[in-house]
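Next come the structures, one after another.
The same subunit A turns up in both complexes below, where it pairs with subunit B and then with subunit C.
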Partner chain A sequence: MPFWAQVREIARKDLVIEIRTAEVLLMTVPFAAAALVLIPFAIGTDAPLLAELGPGLFWIVVLLFGVLVILRKSAVDEGPQQDLVRLLGIDPAARFTGSTVATSLLVLLFEVALLPILIALYNPDLGGWWWMAAVLPLVAAGLGLLGSLTGGVTASLGTRTSLTPLLIVPLALPLLVGATQAVESLQLGRSILPWLVLLAAVDLALAVSGVLAARPLEEVTT
Partner chain B sequence: MNAKTLVTLDDVGLSIGGSVILTSAKLTVAAGEKVGLLGPNGSGKTTLLRVLATLLRPTSGTGAVLGAELGTDEIYAVRPDIVLVGHLPGLYPELTLGENLRFVARLTGRDPRRADEALAAVGLAAAADRRARDSSKGMLRRTELARALIQEPRLLLLDEAHAGLDADAIGLVDAITGRVVAADGAALLVSHEPDRLEVDRSLRLVDGSVEEA
Partner chain C sequence: MTQPKARWLEITAIVVVIAAVVRGLTVEADVTQGDVQRIMYVHVPAAWLAFLAFGVTVVGSVAWLRTRRRTWDRLAAASAEIGVVFTGLAILAGMIWARPVWGQFWTWEPRLVTTALLFFVYLGYLALRRAVLDPEQRARRAAIMGIVAFIQIPIVYQSVNWWRSLHQTSSRNSIDGPLRLTLWLAVLAFTFAYAVMLSRRLELARLEDELEQARLAGTPDVAGAAITAPTLEGVTRG
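Let's turn to the complex of A and B:
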């Protein structure tokens, strides 16, 4: 079966399972939305301050709660399912890519669901915000790639739930920096291109690493 | 390896996490053979099946499965010709039985409609839209047997071959393993119930080694 057809099958399977369990929509989005709602109670209702801090807080919430999207139970292949896909002869790189596509789409959905809350509560400067159409997918792809890569590493160690967040959060720092600086550049009227290039470069590096590591990581998982 | 020999193990040993599971397993399985594998709990039967399925690499000795040397990259090419039905189902709980089999059919380049035919063949035509998580252990086991019908493997490995199956389904095990060996494949069945095994010969796993039963 061609590589991209395998990718499509894996992604479709992951998305169907996620739609049925609805972990992201029913649990993670409300929880993250609650965090955005609670922050103004903690730092006060100073409108200019909230407008200034809002975008940065948004990205921190996306990063921290995005880990929950990445760690969702529906993304986990247990031992028998891992054996199945290995024996079906699925290219591990296709499996990595398909899983990443599904996770990235869910993270993107998660980001988009949180945006109206950010705008309603924090009233950020919306000048040039159409650039977010590029920033949001790049961050979502980065988190999806990180999730698949670190998931592969931690699955081989049998410590997925505990170790994955510890690996993702520091590795996601370039994504956080790129996203927050892109938004700040927009607010200051500067070009955000360097930050988009940074995000794309991080995504590319993660994609190459993930594809190259897919087979060894899969085979070391027994 | 003889052209008609599908499996050979020569003094294969395997240790996992410091525990020695297999010491010097010797085994030959020819095309057209149906072999039973017996042994007490913890004797390494499941581990041996996973070695034969190429999922575990031996830590010593040599072996070949369907012409692929174990421990080499040759195994990747023969994996789609192997079906392992483990004692835990290789099904996605949130997918229906039909969806699980269509997933397998598509990924192995078969017509997805064969999923429905296979489910009908194992008596589950009416349960195709039932999610795996809502299905009984026997239904999951039948679905796994249906997977073997779709994939038409050259090597069929059944762990706890009769576990969770009613009398009709036990007949299915015999029918499906019979189809595999009739097509010049081989079947290896692990069971705790030697009386129910309809095999050409039986082997016993003792102290990490394989003996004729």
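Let's turn to the complex of A and C:
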């Protein structure tokens, strides 16, 4: 089977499992939405302040709750599943890419589901927000790549649910900086191109690291 | 037992550290900041050492993935541990310096925040190592993480250039004369101290590995050995 066909099958498998359980859409999205509702009670319900802080809070919620998307049940292959994938001769790089594609798509879905909730609750300035069509996928891809890498190194560990967020969140700094600075640049009427380049560069670096580390990651679960 | 080479390294390190301490305490005070500026002789070298230590961790990680030799894994782990200590020291020294100069211990400026996150990245790396008992699995997982974690280093280094901030861009260019010489001496002293700590930690890691292997090579417990029969006054009921 060609490489990209393997990638498509692995991604399809993860997405089918997710569609059956609907963990992201029915559990993680409402949980994150509840956080967006609760935050104003902690920082004050001043409407102009919330409009100003809204975009930053959105990215923080995406980062922290996005970890739950990465840790979802469908992202974990049990022993028999891993054995089957190996017996089928799936390339480790295709497996990494496939699971990254699935996670990235789910993070993107998570972002898109949260965005109208943020706009409704916080009423941020929407000038130039169509650029988000570029920012959201780049952040989703970055989180998906980080998730596959860190999820790979913590696979089958008892402390996985505690350890993975500790590994992901500090490493997601460039993604958070790129996303927040892009939105700020839009509000100030400046070019967001440098921040898109930063996000793309981080994604590329993570993608290269992931593909190179795919075989050792495969051996982790052997 | 300490080897002659290591002994000489330690003696040199002690001499250079003493020279740096004496020089740091006796060199003329900075015209604008006064004695507070002397904290820079700890803060800057500690930050440099953190970068160096994490760089060595990457080298060890890549080398382990290529060769699978335990020495490289021990090098990566030992250097990361020391790097975390030096990162913590750099943050602490920076906070002590910031209080009188900036008026507060902590400001939300890019270099501070990125350095704090760097600290957490490598705490995560060390936590990962502790979470895996099997040496081979530990080395494999840690090697991947050691390489990925290094992505943070250029961001910390460039943060003062990429974003407007209170933090000065580079200490090398902002001071001159005797102060600059003192800073270089402090960097040298910290580098020697790092070399000694790394050498000692590697030796300790080697001994830990030998102990672990000796334990594994010992007589295996028979099935059910973990369950011992109840005892009464020191007598085992058989």
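In this text, the second predicted complex is superposed on the first by the 217 of 222 C-alpha atoms of A that agree within 3 Å, B and C clash if a C-alpha of one lies under 4 Å from a C-alpha of the other, contacts with A are read in each partner's own complex, and residues count from 1 in each chain.
Please note the rule applied: a residue touches a chain if its C-beta (ideal position, glycine included) is under 8 Å from a C-beta of that chain, and two chains touch if they have at least 3 such contacts.
The structure displayed is predicted, hence computed values, not measured ones.
Engineer: For the three-chain model obtained by superposing on subunit A, do subunit B and subunit C clash or fit?
Structural biologist: On the superposed model, which is not a single observed complex, subunit B and subunit C fit side by side.
Engineer: Once the structures are superposed on A, label A:L126 by its partner contacts, choosing first (subunit B), second (subunit C), both or neither.
Structural biologist: neither
Engineer: Quick one: classify A:T154 as touching subunit B (first), subunit C (second), both or neither.
Structural biologist: Only subunit C; A:T154 stays clear of subunit B.
Engineer: How many degrees apart are subunit B and subunit C as seen from subunit A, counting from C-alpha centres and rounding to the nearest 10?
Structural biologist: Result: 90 degrees, to the nearest ten.
Engineer: Using the touch definition from the top, say if A:L193 reaches subunit B (first), subunit C (second), both or neither.
Structural biologist: A:L193 sits against neither subunit B nor subunit C.
Engineer: One more residue to check, A:L167. First (subunit B), second (subunit C), both or neither?
Structural biologist: The second partner, subunit C, only.
Engineer: What is the contact status of A:M1 with respect to subunit B (first) and subunit C (second): first, second, both, or neither?
Structural biologist: Only subunit B is touched by A:M1; subunit C is not.
Engineer: After the superposition on A, what does A:L49 contact: first (subunit B), second (subunit C), both or neither?
Structural biologist: Touch partners of A:L49: none, neither subunit B nor subunit C.
Engineer: Looking at A:L88 after the superposition, I want to know if it touches subunit B, subunit C, both of them or none. Which is it: first, second, both, neither?
Structural biologist: Touch partner of A:L88: subunit B, not subunit C.
Engineer: In the overlaid three-chain picture, which partner chain does A:A213 touch, first (subunit B) or second (subunit C), both, or neither?
Structural biologist: In the superposition, A:A213 contacts subunit C only.
Engineer: Once both structures are aligned on chain A, how many angstrom separate the closest C-alpha atoms of subunit B and subunit C?
Structural biologist: Subunit B and subunit C, overlaid via chain A, are at closest 5 Å apart by C-alpha.
Engineer: Under the contact definition given at the top, report the residues of subunit A touching subunit B in one complex and subunit C in the other.
Structural biologist: Touching subunit B in the first complex and subunit C in the second, residues 219 of subunit A appear in both lists.
Engineer: State the interface residues of subunit C toward subunit A in the complex, per the touch definition above.
Structural biologist: Interface residues on subunit C, with respect to subunit A: 65, 114, 117-118, 120-121, 123-125, 127-128, 131-132, 137, 140-145, 147-149, 151-152, 155.
Engineer: Name, in rising order, each residue of subunit B that touches subunit A in their complex.
Structural biologist: So the residues of subunit B touching subunit A come out as 16, 50, 53-57, 76-77, 79-80, 82-84, 86, 88-92, 94-95, 99, 103-104, 106-109, 131.
Engineer: Which of the residues in subunit A end up touching subunit B in this complex?
Structural biologist: Interface residues on the subunit A side: 1, 5-6, 9, 13, 16-17, 20-21, 74, 78-81, 83-90, 219, 222.
Engineer: Which residues, counting only subunit A, touch subunit C once they are in their complex?
Structural biologist: 149-150, 152-154, 157-159, 163, 166-167, 169-171, 173-174, 177, 202, 205-206, 209, 213, 216-217, 219-220
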